[in-house]
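Each of the next two complexes has chain A plus one more chain, namely chain B in the first and chain C in the second.
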Partner chain A sequence: MKITLNGNVVEFEGGLTVAELLKKEDVDMPDMVSVELNGEILDRDSFGDQLVKDGDTVEFLYFMGGGC
Partner chain B sequence: MMDFSNEQLQRYSRHIILQDVGVEGQEKLLKSSVLIIGTGGLGTPAAQFLAAAGVGKVGLVDADKVELSNLQRQVLHHTTDVGKLKVESAKEKINSMNPDVEVKTYPYYLTSQNIKEVIREYDFVIDGTDNFPAKFLINDACVIEGKPLSHAGIIKFGGQVTTIVPGGDTPCYRCMFPQPPKPGSVPSCKEAGVIGVMGGVVGTIQATEAIKYILDKGELLTGKLLTYDALKMEFRKINLKKRDNCGICSDDPEIKELIDYEQGACEL
Partner chain C sequence: MIVKLDQRLYEKMLAQAKEEFPNECCGLVAGESGEDIIEVKEVFPMTNLDASAEHFSMDPKEQFAVVKEIRCLGYDLLGNYHSHPFTPSRPSYEDKRLAYDEGAIYFILSLKKRDEPVLNAFKIKGRSEVTKLEVKIVEGGEFNE
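Our next item is the complex of A and B:
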């Protein structure tokens, strides 16, 4: 399947949950990101169940606390 | 209509000549007020440009004193200012740059107890803080008070910025991030480092949003998260939607009172 991840088209074999996608993309601290799927921010509790499908648009939003 | 002195006509001539500003726009700026929370990497460039632009009242909040390690990015503070309160150092520079600007300083931290009365005095708020408890507190207070806010964060070679105008369909910071990260799970720029110019780029974008809001011109970064990757020299705008179950900006918010989250040990 092909999805648009953070603005880039990427291809994966078969389906994935959001949690699996975070893992595949080496996001080792999922606590650091919010995930937007097709424009909607997902509840963190749903990462394990929510499937990402062909054609979906996914954005990882990273916590950025600096300003100093 | 305000009477502009000859000096003011010269000082603001590049604004006045703009069709979208003119004398009316400059008058709006001179009568406006912006609160800048955090007088550091984001706050100093924002303060500098807003003061130069003739924003009539600039509020500066910061309890910290200037340190040598600040000077690589906080360009309003000079070597001779080390040890001085940041808000005093910034006020001195602004006073000498533009006498039209009234600078009000708040040399303490904002908390759930004092933030509302401070932000009420201003037309627009700029979040230039460096920690999550402050960012969530500012977001929540601005939503409750209906105060427009520019939120931003920077770290390493990255930055992000969004504008929140509460009351309509603009998503807030909590729509994006429902809860602060666990203390210590996300590095601060003290730990991770930051390229000095990041504050300059992102802080001046925050100042630009304040000016556009005051002038009522153009499109704000509402409902958009602008991300900046300096290594790739790439800007992206991510569309954001309001979350129906947002803890603070939904119709029936779960959060009724402001929260003072605990600072992660590594952020202190």
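Our next item is the complex of A and C:
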């Protein structure tokens, strides 16, 4: 399947959940990542169940924060 | 590795830091990465959801919108910046603990001495190993290595 991931068209074999996609993208700590699927921000609890389908647009980014 | 930052963009960050003082301000940094030089092309002030003098966190919805804007401009997301209203320009324990993106550049603007602000840029590996980058603030894009 082909999806648009962070602005780039990428191809994967077979179906994937969001959690599996993040793993393939070397995201070590998915709990610290926000994911937008077709314009909707996903609840982190759904990463393991939410399927990514052919033609989907996925964006992910790391939590950004800090302190002094 | 040298980070080239236009004076205008530095002033933009500084103005935001002063305006949001005593709270920390934050924002995203976009530009172009070369082999030896990273050139900052734009900075994007963001909302500090914490509205705190001691910590900051960005709003993911706002982050997604700005990241798409950065892409439309043809730039890369280089990293982020935040201010330290009362402490030096170095990654705090909290900054390191929350540095999940090893590819990002973390700019820290200290207002500890209000008349002598200090800006530094860092890479943070493994949420502990800090490397300071050289920042060159240039006037109107002029830059000599």
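Quick note on the criterion: the second predicted complex is superposed on the first by the 65 of 68 C-alpha atoms of A that agree within 3 Å, B and C clash if a C-alpha of one lies under 4 Å from a C-alpha of the other, contacts with A are read in each partner's own complex, and residues count from 1 in each chain.
Keep this in mind: contacts are C-beta pairs under 8 Å (C-beta built on N, C-alpha and C of every residue); 3 or more make two chains touch, one makes a residue touch a chain.
Values in this document were obtained by computation on a predicted structure and should not be read as measured data.
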Touched partner set for A:T4, first chain B, second chain C, both or neither: neither
First (chain B), second (chain C), both or neither touched by A:R44: first
If touched residues of chain A are counted for chain B and for chain C, the larger one: B
First, second, both or neither for A:M29, with chain B first and chain C second: both
Common interface residues of chain A - those touching chain B in one complex and chain C in the other: 7, 29, 32, 34, 36, 41, 59, 61-68
Residue ranges of chain B in contact with chain A within the complex: 38, 40-43, 70, 127-132, 135, 152-155, 158-160, 175-178, 181-182, 185-186, 188-190, 192, 194, 199, 225, 236, 238-241, 243, 245, 267
In the complex with chain B, residue positions of chain A that touch it: 6-7, 29, 31-32, 34, 36, 39-41, 43-44, 59, 61-68
Interfacial residue positions of chain A with respect to chain C in the complex: 7, 29, 32-34, 36, 41, 59, 61-68
Touch list for chain C against partner chain A, complex: 24, 26, 28, 50, 53-58, 60-61, 63-64, 67-68, 71, 80, 82, 84-87, 91-95, 98-101, 104, 106
